[in-house]
Every structure is written in structure tokens, then in C-alpha cells.
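Below you'll find the structures, each written out as C-alpha cells.
Same chain, two partners: chain A is paired with chain B first, then with chain C.
Up next, the complex of A and B:
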């Protein structure tokens, strides 16, 4: 029961007054970010990251992770009341959430969404509490080839499991790696792809890319869709909350299913968005009255919200133990760890006990506090969305520019943010996924150095990647995932040919 | 929605081919630069271009594939990227944003920010002058207080702030 002892110590760290204050501040900022279009978990945390440079790392990560929970909660408000998914992972929540609001059952839908979010997150934190130390202990024995194999698995699973065209996924990912390689090579000290520009020396910071891709890109998309915020209002009172909670108990199967889907999708870098769709799809398939889905079924709110939160939370498990983030927001948090001078990975659990367990304890507290905060402040957030778009849009652009500037106090970064913004808009329209780009940009240097270290160990022989069962297994799994889309494509081709032969 | 109609907007193939060609070119640049710094082994291990070289190859390969597919299906593509009216809305955001970003190196962040907010409220909303001016000045001022005073993070400032004595 080592974990429980450590967890109690973690609670002692997280329960101090300043940390509780940062938690509340983070939650409120997070909900605000989740509610506003163009600001999401990933770029919201990226923009606020520079403000934490001078804070102590534990308080900083508590605040930033609470922003993340807040954003997860906030996404549900806009989906249900305004039919506008504030976050990509709350798209599935709109399917049944908005019809419920139209029927005047917004309060029920919101209560169900928040409660499911809490349940999803809670079980994911439980998984982190007990799995993370095990995984970290196991990963302590990893050498460079093992780390490269895990990274390879991360990237291959993007190609294998992504719904976007595999070639575009690969291209987006490779663009991330290419941008990560710009600047000084950490091993030989040689300059790569700078072409004599001093601005390029430090390379491309992924925070800038995140702010541009997700922030500016999202605002441009919102403009195109011509959003007018016309929504339902909602007041939540205790009686409705209590009734909804009682009603929710009968959906325990949906909860379990969505938690499992979410945890799996979060740990393997599927992310919260596909998890929410999968959760919704599975609930619908299992339901007796399939027709009621999409017309305002509470279960259609419960399933995606539980899965999204379980995924969003468990995405921190591989980040903490292996240094591999399971989602773009986790990637930004990982960048924060590096900036605060902490090396993510298995050693974190040995060397920075206070930090790790403080964070885990704050996840329990943050989600619990978050649940009560959103339940009590919903009307307030809905009011923010009534601020007209011509005010919100330029303010968000202004905030993004400030966020991009504060990362390195560099005006060149602000210009790059705009370039990434346009790229993000084009990528989104042309179905290039952005998560692999961001993850490759974050992990690029790490993946490269573990690859080169492995090559040094083996003196250039590739067989180091199948020299023992662990590396070999991970690599085999990676290649399997990599070839999955090709296999699907081939099957389609054969089927078409067969059909043609049959018709001809 | 007349999504499939020709002529009502920008055909998808043009930006599709453009982005793929851009990525293809970036891949080419990565390969060339990797060759410049060396992709072979030196005495102390692989040279700096060893890893990026493969990245460049894969980038060129994957975007080249998309480019080829787009070019091969050029005359068959009927899907729209966006309607012209939608693109106009996007440029209504993009153009002022670009002007804002270009102004930042010259004037700092605060004043171009105020101008951007003011322009938007006047151009796209129906606000009176008083509301517009108050919001446009109030938002940057709030950020000034939060960043420069509270968190002590200096932001980019220009001649106007210097003239005001900051």
C-alpha cells in the first residue's frame, strides 16, 4: 500500500491554502477557456504557461492541470446550451445535449454531463494512482531502444487508429518532426535548416504552434461557419441535481463502458475526441431504444462525457511515467515540466515524489471541486457566451498574440503564430490531423536522441530494435498498427474489384 | 446547401494540391539540408542529418502521394473547399489579424490590439462609439495590469508606450 501512503502525502501537498487557491483559479480560467471559441485546453494552457515560470513547479502544475479539467467541464456547457462544441471532444455531447436543452431539460443535461465528466475523470485518476507507479518502476529499466520503441508505438498508433487519411496523418507528423529538427542539433551542435536566419536558431517552439493551430485556426473556422450565439439558458437547482443523480444510477453499464474506452484511448494516444465518439457509438449500439439517441437521451450525454474525461485524464499517465503525452494538452503540460526543470519519465516518481503525488492528489480534488464549481456557476458562463462575437473574436486573437509573445518575448513568434494559424485552418479543412503534428514537434528531439543513442549502442545495426522481447514486441505492434490502414485499403480495393467482376 | 455545385466556391483540389505541394517542398528542403550537414556516420556516431533525412523522405513521400492523387483526380473532383461567401467571412477575420500582426513589431502589442478590437466592433457589430472606445482601450489596459504589474511579465511595447512613459 505504498501508493496510498504516497497519495496521502500528496493530499498534504495539494491541500495547502495557496495550492487550493491556484486550483480554484485554474478551474475558473479553464471553464472560461472551455466556453470561449478558439481557446481550448491545449492553447489555453500554452498561453498561460509563461505566467507560471516563476511559480514553484507543484503549484504551477496544479493550476495548469486544473485549467485542463476546467476546459473539459466548460466544453459541455456550450455544447448543451448553444449547440456549439467549445472543444472538439464535446462534439458528441451536442447530439443529445442540445435536443434536451430545446425540450427545456437543459439543467438535467448539464448535471448529467458534469457528473459523467467527474465519474470519468475519477476512475481515470484511480487508474493513474495504481498503474503509474507500476509502469514507472517497469520503465526504469528502459534503455534508449525501448524508449524509441514506445515513441514509435505512439506515432504508429496515430496512423493506425486515426480516422483521417493515413498519408495525411503521416505528412502532418513528419512536418512536426521536421520543424522540431530546426535549430541547433543537440548532439553535434551543428545548425540545421536555419539558412542563416538568427530567428531560426532556437527552432520552432511547439507552444507557438499550438496557439496558432488551435487558437487562430479555430477562430478562422468559426468565422467561416458564421456563428451566431443563440442559446438556451439554464438554472440548476439542488432538486434537479438530486433527481438527475438518482436517474443516472441506472446507467452504470454506460459509465463502466465509457470509462474503459476512455482510459484505453487516453493511455494509447487516441485522445479525448475519438474516445467521446466511441463512447457515444457504443452506448447507442448497446441501447434498447436506439431511435431516442440524437433526440435528447440522457444516456447520449453520459456516454461521450464520461469517455472524454476518462481519456483526457488518463492521457497524463504515459506523460508522467514515460514522458510521452497522450494528448496535445498533455504535450503542453509536458513542455511545462521541461521548462520548470523536471525531466518527465520514470525517474520523476523516484526523484520528485512531492510533485507527482501532489499532482495526482490535486486531480482528485480538482475534479471534485470542479464539479461543484460548474454546477453552481453555469448561468454565469452562459452569460459570457452572450457577449457578441465581434467583441470576443478580436479579444481572443489579442490574447493568442500575447500568449505567443510571452513564451520567448519574441515578435518573430507572434508572426509564426499567424502562419501556424493559417496552416491550422487549411489542415482542418483538408482533414490533416493536428495532434500528431504537435506531438511530433514536442517529442521530435527526444525521439531523435533515443534513436541515435540506440544506433550508437548497436553501431548502426537495426537489429537492436528486435534484440529482446520487449523492444521486439513494441516494434512489432508498431508495425502492425502502421500497416493497418494499408490492409484496410487493400481490402476495399479487393472488394471493389470483386464487385466489378461480379457486375461485369 | 448546394455543396456539390460547381462555381459557387473554391474547388477543394486547389488548396489540396497547394498544401500537398508545400509539404512536398518542405520535405525536399529537409532532405537537401540533411545532405548538407551529412547523413553518414562520423567517428563519434551518426551525423546531424542522419535522422532528419528520413523525416524529409517520409514527408516528401506522404505529401507527394496526396499531391499525385489530387492531380490524377483533378477533373473528377467536385467537392468544394468553401463557398466564396464563407471565404469572404474568413478573410474578414484574416486580413485585419494580419495587419495587427504586422503592426506589432512597429507599435508593440497594446495599441494594435486596441485598434483591432475597435475596428471589429465598429465594422461587424452595432456598437456606439463610447462602448467601442471603452472596450478597445479597456481590454489591453486590463492585460497591461495583469501582465506588467501583477505577474511582472513585460510585453512588447512601442513608441506610444514610450511616449507615455513606460
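Up next, the complex of A and C:
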């Protein structure tokens, strides 16, 4: 029970008045950062990092990690209300969150999202508290083939579930891969598909594509359909929080599944974005009424949010124990550690006990306080939907433009956002699914690098993908998931044929 | 008589010139461009500078770090090149100042920018896993020589950049091919070695220090002409100074990476002088000295013509190295 003693000591460090103040300040800033699309946790933490250099490291990391929690909470708000994911890992939240808001159930969706965030983060912190050394060792097992297997698993858990025509799904995914390939190719060090434009050097940022496809695309569509938000009848009162909580209890299986997926993806470190997609995909597969997903199913909000937050939180573990950041925000925090004179790595838990346990205690407190803060604001957020569309639409476009600009401080990105907006509108009109495109754009680059690194390591031999139990197991699982719907389809076809033969 | 008036005039001119040279000061926030992603070596240094400049109030205007990592840093360099006459923009370099234009033919060269100062040089160390059978650099070199081509695997940051250039140097020394596997960042590279997915790396000291200290990695040799000066023990038995040079182990590889500052084109001498002065003050701070020791940096500081000459020499060295490795853009 060494951990418990240390944790109690950590609470003593985190519970001092100034630290609690920094915690609240960090959370509020974080929520604000999360709400503004494009600004994102990583940028927000990077901007505020210098302010903390004169603080003591423990207070500084408590405030910065609370900004991170706040941003994780805040990312869900715009996804649900306006179909604009504030962070890449909120994309999957829009699939069911936005339809819910359109049905006037925004408050329910927000409550579900915030609660799921809390549950995901809470269990991930528990895992960090008691399993840190064990989990850190597991992360070391991951070389390029294992990473590729995880990415493959994400694709496969998502791909089979699509209810759209397979050819359209494939076309959207291929477009995503093509966009992901633009820019520098890390493996050969050559530029690809930039066609001599220096603006294309940096490739297509995922965030800009998402802000355009989802946010601007949605606004174009609403304009055509009559300048009104469908969700304006949103009920606004606190009782909804309690009612939603009661309803959430029946999704305990989804919570457990998503927590496991999330913790695992955060530690390995696959990251929060693939975790959210995988969580969503798995929930849909396990559900009895698959058809209701994508049309406003609370479970479709719970699954990705829980997974994303479990991953986002457990991503801090490899950072603390190994010095590898599991997310971009973790990377910036890592820089902060060095500036405060702390060396992240296997010795941090031994040499800087106060700091580490103070941080872990602040994770518990920060999430609890954060949940309280965001839940009390649910009615106000939902009330935004009552503002007339002609007033709010320009504001949204303005915020989107600022968001797109902030990613790389480049005007070209704002233009690209508008182009993606038109593309998003066309996709909707022609009934092409956007999720496969987004998934390919965010994972395509990583999957390609891991695959080619594996091929370099094995000198071109494919057997590297079943050379040990870990990678072999992951690959087998992903192929199983890929073939599952095909198997179901085949069974149906056989049954139909049998029936026809019987009738004939 | 005439001579004295001239002397007096010169003296007076010098008297007026001296304060004039110090007169320029930033009038709005200074953008500090990092041509690499967040969390890497250059980014860490830039954010560290931002932090201590703010803490010690060395500047009246704030300094803002901006990452422009697109196209192996080309995005950042092109931005600074395109901001001629804007003195509120500086950039920190890594070796991609030379390697990116050579490997990708993106049109920029250090001569397009205004050199300010060399802050430090980053060292490279040859690392293996602590459980590896290769105890010394000589052991490892002879193992590579005895083994088949591509038997040994080296992980490094990026492609056709410093880590791969050093790998080619080791290939030359051993007359064997080494499998080079590129990763995105130095932190990932070190972890791949700790997890035994590759045989060796050439991480910068700061990227591998924590793993070395915890006994997961073994330092074989350093790619510098002389051993490092830092004598404080890092592991139970070794200090940075105890790592032998690679030259002594038969690898003719010497490579240092520039951590230098450049400004936008057409900067005036007064503007350059302001930044040189700023970095001189910075170097005197105890935090900076601690940072240098932690990362085992080579603390050479240069400005003016001496710095420009050094950069020109380093550029020529990179052209030669990359040409012989076949890394030049066609």
C-alpha cells in the first residue's frame, strides 16, 4: 500500500489553497481553450507555459494539467452544439452528439459527454496510481510493427461498421489517405504532392480539414435548409442532469469497454483520437440497435468520450515514466518539465516523489472539480442554441477562421478551411460519409510510417507482423473484426439463397 | 594639428556611434520561430530561452515561440526569408538549415538570412541498450564488420538529416551497410532502443540522459574531437567526460549540430547588436549554465564574421557529406 501513502501525501500537496486556486484557474482557461476550435490543448498549454516558469514546479504542473483537463472537457461542447469538433478526439462525439442537439436534446448530450469524460479520466488515473511501473514496461514492447497493428485495429474496428455504401466509404477513405500523404515523407525525407507550392510543404492539417468539413460544411447546409438551428427548442434546466445520469447507468458495459480501450491506447501511446474512434466503433458493433447510431444515440456520445479521456489521461503515464509524450499536449508539458529542472524518465517517480504524487492527486481533484464546473454550465451552453441562426452563424465562422489560423499562424490554412467547408457540403449532398476521410487523414500518415519502418526493420519480410504474440494477436484481432461484417453479410446471402431455393 | 582634429572628430563619432549602436529595441512582440515540432531539442531550447528571458525581464517586449515544422523545417526558414526588414522575427536552427535545402531543393540558404549568434553546439553520442553484448565502441564496430550487410539496425530522427549522415559515416568506417530506420522525434528514437527494437542510436545527450541515468542505455562514444568537459557523475560509475571519442574507437566521425540564431534578411547592425547583447546576458545566467550541463552541450559562442565563417564551413561540410551519401536532391 505504498502507493496509497504516497497518494495521501500527494493530496496534502495539492490541497493547499494556492494550488486549489491554480487548479480552478487552469480549468476555466482550459474549457475556454477547448471551446475555441483549433486553439487546442497543446497550443493553449504552450502559450501559457512561460507564465509558469516563476512558479514552483508542482503548482505549475497542477495548473497546466488542469488546462489540459479543461480543454478535454471543453472540446465536447462545440462538437455537440455546432458539429465543430474543438479537438481531433471530439470528432467521433459529433456523430451522435450533434443529431441529439438537433432533436433538442443538447443538454442530455452535454451531460453524457461530461460525465463520460470524468469516468474515463478517473479510471485512467486509478490505473496510473496503482499500475504505473507495470504499464510503463508494457509500453516498451511497442516497436513499429506493434504500432502498425494498433492502427490497423483502429481502421478495422471502424470500417466494418459503416452503413454507407462500401464503395463510397472506400472512396472517402482513399481521399483521406491521399491528403495525409501531402508534405514531407519522413521515411525518405522527400516532399510529396506539393506541386511546387511552398504553402503545401506542411501538408493538410487534420484540424483545419475537420473545422472546414464539419463546421463550415454544416453552416452551408443549414443556410440552404432555411437559416434555423433545429435544436432551438432545447430544454434548459438542471433536472436534466439527474435524469441523464439515471439513464447513463444502463450503459455500464460501454463505459468499461471504452475505459479499457482508452487506457490501452493512451499508454501504448496510440493517442486519444484513435481511441475515440475505436471506442465508437466497438460500441456500435456491440449494440443491438446498430441503426440508431449516427442518428442521436446517447451511447454514441458515451463511448468515444470515455475512451478519449481515458486515453488522454493515461497518455501522461508514458510521458512521466519514459519521457515519450502520448499526445501533443503531453509533448509541451514534457518541455515544461525540463525547464523546471525536472528530467522526465524512469527516475522521476523516485527522485521527485512530491512532484509526481502531487500531480497524480491533482488529476483526481482536477477532474472532480472540472466535472462540477462544466455540469453547472450545461444549461448556458445549451441556451446558445436559442440564439437566432443569422446572428450566431457569422460568429461561428469567425471563430472557425481564428481556429484555423492559430494552428500554424497561416492565412493559407483559413482558405483551406473554406475549401474543406465546400467539400464537406458536397459530401453531405452526395451522401458520402465523412468519418472514413477524417480517420484516414489522422491515422494514414502514422500508419504509413509504422508500416514502412517495419518493412525497413525486417528487410521487406511480412512475417514481422506475426513474429511475436503481441503483434500477431493484434493483427489477428483486426482481421477478425474486418471480416466479421462480411461474414454476417455472407450468412444473410446464404440464408436468402436457401430460402429462395426452398420457395423455388 | 589636422591629425588631432581628425582624431577628435573620430573620437566624437565613436562616442555618438556607441550609444547609437545600442539604440534599437523591439517595439512589438518578437516572434521566435522553431523550424521543428513541439517537444524536440530546438523547441526545448527556444521555450527555455523564452522562459528565462521572461523570468529575468531581459526584454521589454514579450517573446513568442512559434513552431513551423512543415517540410522538415522549410516552412520556418521560408517564412523568415520572406519577412525581409522585419526585425521582430528570429529563428533557431538545427542541422536542417543545411540538410533540408540540399535534400529537397526547397529554395533557401543561410545566406538569405542574417546571422546573429551561435548559442551552443549539440553533441551526438553512439548508444546501445545496456543489455547489449557490445561493451565498447570497438566491440560494436568489429561486430558490424563481422556481420552481414544490414544486420545491425540504427534508429534516428528524420531522413537525410543529421542522424542518417552520422550513420553513413559509421557505414564508411565499417565498410558494411547499416539499416537506418527514421522516426519522428529524438524521444521516440531513444525509447525504441530501450525497448530493444533497434541495435543502436546516435541520440543527442539530452534525449537519452534519463534512460542512461536509470541504467537502460550504454554510451559507447561521442562524435567530437575531444571528450566532453562535464565531470559530474551522471550514472553510478560514469560522467559525460568518461565517454571516449568515436575517433579513438576507429570511427572517423565528428559531427556537431548548430544551435544558432538567425534574423530576417536586411537586418541593420543595430538590430543584430541588440540580439547579440541579449544572448550574451542570457549566457551569464545560472539557469542557462545548468541547462548546458544537463544536455552536455559544447558551449562555443560566436557572433559576427567568425560565426558566418563557421556556418559557411559547416555548409561546405554538409554538401560534401550529403553528396558522398547520395542524399542530394536530383
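Throughout what follows, the second predicted complex is superposed on the first by the 271 of 504 C-alpha atoms of A that agree within 3 Å, B and C clash if a C-alpha of one lies under 4 Å from a C-alpha of the other, contacts with A are read in each partner's own complex, and residues count from 1 in each chain.
Going forward, a contact is a pair of C-beta atoms (placed from the backbone, for glycine too) under 8 Å apart; a residue touches a chain by one contact, two chains touch by 3 or more.
This structure is a prediction, so every number in the text was calculated from the model and none was measured.
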item	value
Which of chain B and chain C A:384 touches, first, second, both or neither	neither
Contacts of A:168 with chain B and chain C, given as first, second, both or neither	first
Contacts of A:192 with chain B and chain C, given as first, second, both or neither	first
First, second, both or neither for A:240, with chain B first and chain C second	neither
Chain B versus chain C as contact partner of A:334, first or second or both or neither	second
Which superposed partner A:24 touches (first chain B, second chain C, both, neither)	neither
Which superposed partner A:429 touches (first chain B, second chain C, both, neither)	first
Partner chain(s) touched by A:282 [first = chain B, second = chain C, both, neither]	neither
Which superposed partner A:401 touches (first chain B, second chain C, both, neither)	first
Contact residues of chain A, present in both the chain B and the chain C interface	50, 54, 185, 187-188, 190-191, 409, 456
Chain B contact footprint on chain A (complex, rising order)	50-51, 54, 165, 167-168, 170-171, 174-175, 177-178, 181, 185, 187-188, 190-193, 216, 219-220, 223-226, 388-391, 393-395, 397-399, 401-402, 405-406, 409, 411, 414-415, 417-418, 421-422, 425-427, 429-430, 432, 448, 451-452, 455-456, 460
Residue numbers on chain A that touch chain C, as the complex places them	42, 46, 49-50, 53-54, 140-144, 183-191, 194, 198, 201-203, 322-325, 328, 331-332, 334-336, 338-339, 341, 343-348, 408-409, 449, 453, 456-457, 459
In the complex with chain A, residue positions of chain B that touch it	12, 15-16, 19-20, 23, 26-27, 29-30, 33-34, 37, 41-42, 45-52, 55-56, 58-59, 62-63, 65-66, 81-82, 86-87, 89-90, 92-94, 96-98, 100-101, 104-105, 109, 113, 116-117, 119-121, 123-125, 127, 135, 139-140, 143, 147, 151-156
Chain A-touching residues of chain C, taken from the complex the two chains share	37-39, 43-44, 47-48, 50-52, 54-55, 65-66, 68-72, 74-75, 78, 103-104, 106, 150, 153, 158-161, 164, 179-184, 187-188, 190-192, 194-195, 197-198, 206, 209-211, 213-214, 216, 290, 294, 327, 329
